[in-house]
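Common to both upcoming complexes is chain A, partnered first by chain B, then by chain C.
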Partner chain A sequence: MRFPLLFSIALSLAASVAQAETPRDFLTRFEKEAGAAASAERGGRFFTSRHGSEWSCSSCHTERPTQGGRHAKTEKDIQPLAPAANAARFTDAAKVDKWFRRNCNDVANRVCTAQEKADVLAWLLAQK
Partner chain B sequence: MKRTLVLLLAAASFPALADRYVVPKHAAFEEECASCHMAYPPQMLDAHSWQHLMNNLPKHFGTDASLDEKRRVAIADFLGKNAGGRKTGVTADAKGNPLIRITETERFVRKHRQIADAVWQRPAIKSKANCTACHTTAAEGNYSDDNVRIPR
Partner chain C sequence: MTIRLRVWDLPTRLFHWSLVASFATAFITSESERLRDIHVIAGYTLAGLLVFRLIWGFIGNRHARFADFWPTPSKLMAYLNSLMAGKPQHYVGHNPAGAVAIFLLLSLGLVASLSGWAIYEDIGGEWLEELHEVAANGMMVVVVIHIAGVAVSSWLHRENLVRAMITGWKKAPTSHENSPR
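After this line comes the complex of A and B, so read on.
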């Protein structure tokens, strides 16, 4: 009896990985990787500060990411990053991982930790 | 007679199409190479230059534009196949090293020699690479002088 139950949970987990993800799924994933709950407040501070480089995240995504931004170097418009303002955000794992990798490298000169990603996403989700 | 006239009119309205650079359709190129800036036409650099650029994406003009290897190879291949041509000119420096900036190529410099340094630095332009600031239809590959508006 217990075994089929576990089995069906495993199956539904596998299915949810294959399906389109939601911003909440990413938050759960990052919190799990970090082994701790996210802090939106910490995320906001991370997002708006420079980490020893020329740019902060808000240099391109603005300090109010429900608004559109602009690439600090090329001037190209960027759609809002907060999921409340842009339903396409945080729905595609390859895209999310790629941009965290690139943008953290540009801003912090290293990859972001799972905790930092969780915090930033919690803050973005709180932006309405 | 009527047909000749139509042909003549058509020819006059597309003067040799020297100012058109049609970007062939390629989903990965559009997604990956038009996210931070417009898609620069593959015809504006030669294959050697594109190869050099595509081998250095983690350090791409001061920003990290790294890609997974499968996509990188697919886009490099697409750029290589569509590179160069009649309108490309020389895209290497005096020593023969490949240039990776279109804006440093001999053809670009020649076509823009009348633009003063102070114009490039205007806040609404900021960079020579910001083609769309002046060429309002650059994203569609149309560089016709009819569609050039230099912002004040």
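After this line comes the complex of A and C, so read on.
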């Protein structure tokens, strides 16, 4: 649940304008937060498995995220998630945080750890 | 002397509580993709309710009409000053502070539902998502202030405003223009 902190929205907006980032920057950030190197293999398993619930990441983003996906509920098209196929992915900190927060809740019913984010991003970066 | 008055007509009351339900539903489901269909249905419901209220503001019963409670700056200042002094002016219909909340909620609600519809239909860019969230969060801010205002006004006037919005009835002086007395 969100709280009406317009102030924090304004701050995150300002922050996202201030710094354009690359997918590698996010990988570095998550590895640093986790205190360990990422594993693309572990990320792939995380991405395609259901975490005791209904959906996996691949339910919407497919198991080949260089392709476009399809929303498992609304059946709307989703642009490819792998940076190799979609240069806009993982370039905006506010957006990356927002969608990890939302989608980890959708899939795993909890927030993801920094290690899990690092692993998933490493796997996505390996998709060509 | 006072009489019992039917202040809020049934459509206004149904609108009010349906808006509460649809906004609460949309807000609670906003972060979830699994509940995205419920969020969208709640949003469309909210939009339909707002369209109804805009029409009802012109053709509805006396205290439902916008002309009955249009909040001019001078009316608003006079009301807020009387509130600060602990002797609030009494309005049978909407007081000027409540009226500001109503017009803010109507406008923000229209922005939120229109931008939400555009996002869902993949029209426009990311700025629409920001606009959608700012409008929805703005609505929640107004709702919180509105609820606080209702609590304070109910206490100062010894008048249960929540019950009035459920039953439609208020106690009023025999002459009941919607103006301060």
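Simple rule for what comes next: the second predicted complex is superposed on the first by the 110 of 128 C-alpha atoms of A that agree within 3 Å, B and C clash if a C-alpha of one lies under 4 Å from a C-alpha of the other, contacts with A are read in each partner's own complex, and residues count from 1 in each chain.
Going forward, a residue touches a chain if its C-beta (ideal position, glycine included) is under 8 Å from a C-beta of that chain, and two chains touch if they have at least 3 such contacts.
Please read these numbers as outputs of a predicted model, since none were measured by experiment.
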Task: Comparing the two partners chain B and chain C, which touches a greater set of residues in chain A - done: C
TODO: For A:R101, decide between first (touching chain B), second (touching chain C), both and neither.
DONE: both
Open item on the list: Quick check for you: in the superposed arrangement, does A:E75 touch first (chain B), second (chain C), both or neither?
Closed with: first
Open item on the list: Taking the superposition on A as described, I'd like to know which of chain B and chain C A:T113 touches: first, second, both or neither.
Closed with: neither
TODO: Determine, under the contact definition given at the top, whether A:N86 touches first (chain B), second (chain C), both, or neither.
DONE: neither
Open item on the list: Using the superposition on chain A as set up above, list the residues of chain A that contact both chain B and chain C.
Closed with: 71, 73-74, 76, 101-103, 105-106
Task: Residue numbers on chain C that touch chain A, as the complex places them - done: 27-28, 30-34, 36-37, 40, 120, 122, 126, 130, 133-134, 137-138, 140-141, 144
Task: Of all residues in chain B, those that touch chain A in their complex - done: 36-38, 58, 61-68, 126-127, 129-130, 133
Open item on the list: Touching residues of chain A toward chain B in the complex: what are they?
Closed with: 71, 73-76, 94, 98, 101-103, 105-106
Open item on the list: Per the contact definition, I'd like the list of chain A residues that touch chain C in the complex.
Closed with: 1-2, 4-6, 9, 13, 54-55, 60, 71-74, 76-77, 95, 101-103, 105-106
